[in-house]
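Letters are used for the chains, namely A, B, C, D, E and F, taken in the order the chains are written, and counting of residues starts over at 1 for each.
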Amino acid sequence: MQLRVRHLDVVPDADILEFVREAPADRDTMDRMLSRLLESMNPGVCRDITCDLIDQRRKAFLTWPAATKNHHNYVGGLAWHTLSMAKAADALLPLYPFLDRDLLMAGILLHDLGKTEELSAPMLAEYTSEGNLVGHISMTAGWIDEAAVRTGHAGEEDKEQRMLLKHMVLSHHGKLEFGSPVMPMIPEAEMLSLVDDLDARMFMMKQSMDATAPGHFGPRVFALDNRMIYRPTQFGEQASAAADNGKEKRNDGGTQA
Amino acid sequence: MQLRVRHLDVVPDADILEFVREAPADRDTMDRMLSRLLESMNPGVCRDITCDLIDQRRKAFLTWPAATKNHHNYVGGLAWHTLSMAKAADALLPLYPFLDRDLLMAGILLHDLGKTEELSAPMLAEYTSEGNLVGHISMTAGWIDEAAVRTGHAGEEDKEQRMLLKHMVLSHHGKLEFGSPVMPMIPEAEMLSLVDDLDARMFMMKQSMDATAPGHFGPRVFALDNRMIYRPTQFGEQASAAADNGKEKRNDGGTQA
Amino acid sequence: MQLRVRHLDVVPDADILEFVREAPADRDTMDRMLSRLLESMNPGVCRDITCDLIDQRRKAFLTWPAATKNHHNYVGGLAWHTLSMAKAADALLPLYPFLDRDLLMAGILLHDLGKTEELSAPMLAEYTSEGNLVGHISMTAGWIDEAAVRTGHAGEEDKEQRMLLKHMVLSHHGKLEFGSPVMPMIPEAEMLSLVDDLDARMFMMKQSMDATAPGHFGPRVFALDNRMIYRPTQFGEQASAAADNGKEKRNDGGTQA
Amino acid sequence: MQLRVRHLDVVPDADILEFVREAPADRDTMDRMLSRLLESMNPGVCRDITCDLIDQRRKAFLTWPAATKNHHNYVGGLAWHTLSMAKAADALLPLYPFLDRDLLMAGILLHDLGKTEELSAPMLAEYTSEGNLVGHISMTAGWIDEAAVRTGHAGEEDKEQRMLLKHMVLSHHGKLEFGSPVMPMIPEAEMLSLVDDLDARMFMMKQSMDATAPGHFGPRVFALDNRMIYRPTQFGEQASAAADNGKEKRNDGGTQA
Amino acid sequence: MQLRVRHLDVVPDADILEFVREAPADRDTMDRMLSRLLESMNPGVCRDITCDLIDQRRKAFLTWPAATKNHHNYVGGLAWHTLSMAKAADALLPLYPFLDRDLLMAGILLHDLGKTEELSAPMLAEYTSEGNLVGHISMTAGWIDEAAVRTGHAGEEDKEQRMLLKHMVLSHHGKLEFGSPVMPMIPEAEMLSLVDDLDARMFMMKQSMDATAPGHFGPRVFALDNRMIYRPTQFGEQASAAADNGKEKRNDGGTQA
Amino acid sequence: MQLRVRHLDVVPDADILEFVREAPADRDTMDRMLSRLLESMNPGVCRDITCDLIDQRRKAFLTWPAATKNHHNYVGGLAWHTLSMAKAADALLPLYPFLDRDLLMAGILLHDLGKTEELSAPMLAEYTSEGNLVGHISMTAGWIDEAAVRTGHAGEEDKEQRMLLKHMVLSHHGKLEFGSPVMPMIPEAEMLSLVDDLDARMFMMKQSMDATAPGHFGPRVFALDNRMIYRPTQFGEQASAAADNGKEKRNDGGTQA
């Protein structure tokens, strides 16, 4: 396909960020959500290290994408994906009360923080040399030790907490062949890996369905194991209608005591 | 090891069910939870077929195990696992409002119903011939068509709903090599597969940790990709303490608006 | 490559079916072969269910292709491939007399019958939504139970026959990763899977050789594990000559009694 | 388990071969079948090389097992398995008349001939050093060139026939990971590989069923991808009855013209 | 097998280290080799960080095993394996002069240093909790950043060197499925991975042959992809004889200019 | 991209070989290196067979490429790659003195000799029919037996040497899925496989870096498991400088006694 441009206008004083695709929430909103989430954690090793590292790169965390393509590949995508995972985790925690919420939330907040160095910019992101040669998983694991020194948690008594936090980050891709040097060996790490998958796949499936006519399949999606996604005939309308009609209230009478 | 039995007492009037391992909730409680869940679904194809099939084998559904070993391998395990998955789904639905709750709940309730034929009994279960040669996935998919006839949903106007419901059941193992003849191609099917994994793995990890001393690893668990699970030093006490101290209230100030 | 069309004639009264690629035998001939094959089965569950299902969709069975591409992808391909497999099975049965011919023939006749719903049309076939979301294997397995009801074989005494017939259909892809939810566990199912492979591969190899010059390799064939097929220098002439010169008679003096 | 032997008799003049498990046909019978098969081949490179190599080790060919375990692991197993494959090939050839029978029969007769060097003896066979370090596939391929010299077929005009015959032997395990250095690239090689699999698997399935009660599954069989084999309730009786009652005659009215 | 101990002597003043299996060179010798190797590196980031980290845990480096089983699983095995790899690298460097020797030697010296924390002790070593949950690869990568701070190489101008050194350590298992989070992407990293494999496999093969009679195969070795190793009939004697008779001098006239 | 050629000159008396890419050493030099290497081997089976086979196709050995693409894909590439491997082996032999140098050198010299029949020509090479259907591995293994006859080593007393030499050639791809019918089972075969990989990968990495700007990654290389290769900022200059400044002398003080 060829386009012939016959005329071009320059828009004076335009800010390019007004034209790019962004996360569903604006930066200030996500900033407040982030603060509230950090405050909700119990004082201790997990919260201190997480706050230290987030504060060091808060602006990048709020503007970076979560990936160059595949999912949440827009300005603010990293923060939105991370905050969605935190919501999912909080929704599931009452079902599995033996999980340590502080460890899980610290793992969720830090798991992809290294992407701010692995990818080059909030827009049109590319992999940096360090992103390819070291990778965001190992970068973040290294930062945890640095933050432990800064926050006074480098001692022997905090060794297990540091070790578990590093384990959360290192194992979050779930399998060795996906780039995690260790598999999840505590339930918090398994939960982190699963809600990461869940949120990324729901994003990709929704995105495919939005571009597909009802009753048809979208194109094969490489990051979804090459699957095609089907958009049911009644998708969208029905769901919206149900949402408007108090469907969620009915939920309360369902599985929630 | 050899044991020499020197004396045996007969316990008169004993019911063997009093001595076996059971689900955390008793059968009546699970029965009520099940009824409430079915009532919470919108009227239509999904609810009618699900109610029909559950009612046909309600007693077995409430007493069967979810597996012969691995996870929820106790009396009532199938119902408990299913109800836990429904709770997890309801917890996650607000995050992904484009999902069709009725389809998802129908899929969850039916996905392992075929186990009541695949396994031989509520206790000391073995695989039946049909369980090996046909499998619970294909059995349940077949029942859906039978139930559609019984409930008056065998017509052309309900074809897509029947097809999607069968797809939920057929794809719930997530991958072909795990015995699903098709991969999940709608987000409800992906969600079903993920909460199934989540609940089964949390069960197996918790079970391993309960049998492991703090600061140690349990034995390799085949159904967890041969992983060993680590029990942190503070596991249990800390979690309990946190739960007692209003930790969950603090959650509300975290990710939940 | 560009073609410039300078002139077009309309052929009046032309039937498009006269111009498409078709099976080596015409529809009437295949219809008679099919009838004779069904009659050759012993009376019982296998024959009754097979006759019922074939009769329900006999026209589609005789005109549908066996696949959208790869092998027997022409009008009548499904029937031709199925009848070839039946011939192969009858040729091999004397060698393995412990096989149940009725079960094997029923499995062969039904194994791909679901393709008449999985694919959209006898020509220019595409996968239907049900073809993708349910698949021909699970569709056909479901039909067997329906046919059992219609033919009076839904009772307990015929349960094993129904179960084995479903097993034949479900396992015919041979491996889980090829979309069969169970592997073949009876020799009839293994035989079905092998003659299916045999007939499809012989077709694809012959097709490649027909388009290749003697002494050369054809292009890589994806459905043959990406192999290139070699056409020997003497291929064709020699084989024809041998066939003309009573080669087959000589066979009789060879391995046949 | 412990056995206490109280009494032992020596059987004078006993030949151990009278007590061991043997092929269904005796050595003389198989010798005659082999001769007839070789005579049935057209004169030429394939027959000359095959006759040369078989004659060199005819006694071993008639007494060796086909494997140390798994299938045809008895005295005469190699010849019986080979002759069965030849029968299967002759049964299938009329369906695929473009196949070169001489090449196919030569490949079948030679494919496992190297086992006579790979395995140490007709009974209680072990792998020889050469069997492990070189393997029967490469051994036999090498012998073909030697036989070509002896039979006057080492010239340029017979190069393609030698090459194809070696290809038959080299590719007969079907896949690289099964030890074939090349995959089958001509239909004769594919057919060889498939009838080899077919005959070996029918043997193993029959063997498992013979040791299993009707209505039950046998133990997992490693060489059958760890499958359990099911013995149907009516297996054996029914099949025998059918065979007695002219079932095969009915076949003629089925697929055979 | 049962042993009945009839008499036990206590050996007074015995040092257990005198009875355990040790590296071919004693600790002082290896210590000197290590010093000389460090001195041979050019001054700079690589040498400074390597010296810093080795000095921090020099005693452990000289006494730890390289693994709990498989290869170099004796007191001093880690140092011996590392020094052998350095020798192999120096032998190969003249062939590939574009390789950076300092980076390669630093990578070799550090690649398994984390084993001193991953394994619990020089003898009867077990995996520590950190060894399982974090792993020696990620531990060592983290230490490099700490050493960079201590040696004044934490600045921007040394960033590439630090990054490459971490890449060496992270990628040295060669493949993701072997626990490296990234694959080797510079030739020095590929060389490190290959000489690591080479030295480990030569050890395991030699060890198997030492326990095998000439002309026989040893048992299957899991860490060698389950291979059996063959000991040639002339192995040992011939090799020794050749070594005595100036075989190596003849080498010089061979490939070495 | 389109090029428009406006003018063409014919170069009279030009030899096309002057314009093609060639090995770093000219043919005469490689010929002398080859002679010296053969002379360095001890008299015996290995040397006699190797000399016989090399002499039979010496010209092709000195001009053929090592592959059609990937590595050493230029005139003389086969000899250059082979001679580099021999140098690498000689460099490593002092570290592993239990290796039989004659067997190793024979294996190296012969391992890819079959490429002179597998590929069609020194330039613009394509796979021959025999190259695809038989492959260079099996071709060379067959030639060893022929050479044994010619050199008087076909007797029983040389059987083990012949067998081991064939094993070297057959196993040199290291794994079944790479086309070796057996895995290396002696350390010489493992060493051959490793130095083959080493030399090929160093070639491909160097080639990629030569075409890449410092501080950047090259394109994905299929034969390097799809990796991108990074060219460090200081690559080239630094290495050259180090080489000029007696870096290698410093080596001697390092690992070499």
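The criterion applied here is as follows: a contact is a pair of C-beta atoms (placed from the backbone, for glycine too) under 8 Å apart; a residue touches a chain by one contact, two chains touch by 3 or more.
All figures in this text were calculated on a predicted structure; none of them were measured in a lab.
Asker: Which chain pair is joined by more contacting C-beta pairs, C-D or B-E?
Answerer: Most C-beta pairs in contact, of the two: C-D.
Asker: Between chain D and chain E, what is the gap in Å from one C-alpha centre to the other?
Answerer: The answer is 48 Å.
Asker: Let me have the rounded angstrom distance from the C-alpha centre of chain A over to the C-alpha centre of chain B, please.
Answerer: 28
Asker: Would you mind pulling out the distance in Å between where the CA atoms of chain A average out and where those of chain D do?
Answerer: Going by mean C-alpha positions, chain A sits 58 Å from chain D.
Asker: Where in chain C do residues touch two or more other chains at once?
Answerer: 129, 132-133, 160, 164, 185-186, 215, 217, 228, 230
Asker: What are all the touching pairs of chains?
Answerer: Listed in label order, the chain pairs in contact are A-B, A-C, A-E, A-F, B-C, B-D, B-E, C-D, C-F, D-E, D-F, E-F.
Asker: Help me check something: in the complex, which residues belonging to chain A touch chain E?
Answerer: 129-130, 132-135, 137-138, 141-142, 145-146, 160, 163-164, 166-167, 170, 176-182, 185-186
Asker: Could you list, by residue number, the parts of chain C that touch chain A in their complex?
Answerer: 129, 132-133
Asker: Residues of chain D touching chain C in their complex?
Answerer: 33, 36-37, 39-42, 83-84, 86-101, 105, 160, 164, 175, 183-187, 190-191, 194, 197-198, 201-202, 205-206, 209, 215, 217, 225, 227-230, 232-236, 238-239, 242-243, 247-248, 250-251, 253-256
Asker: Which residues, counting only chain D, touch chain B once they are in their complex?
Answerer: 215, 217, 228, 230
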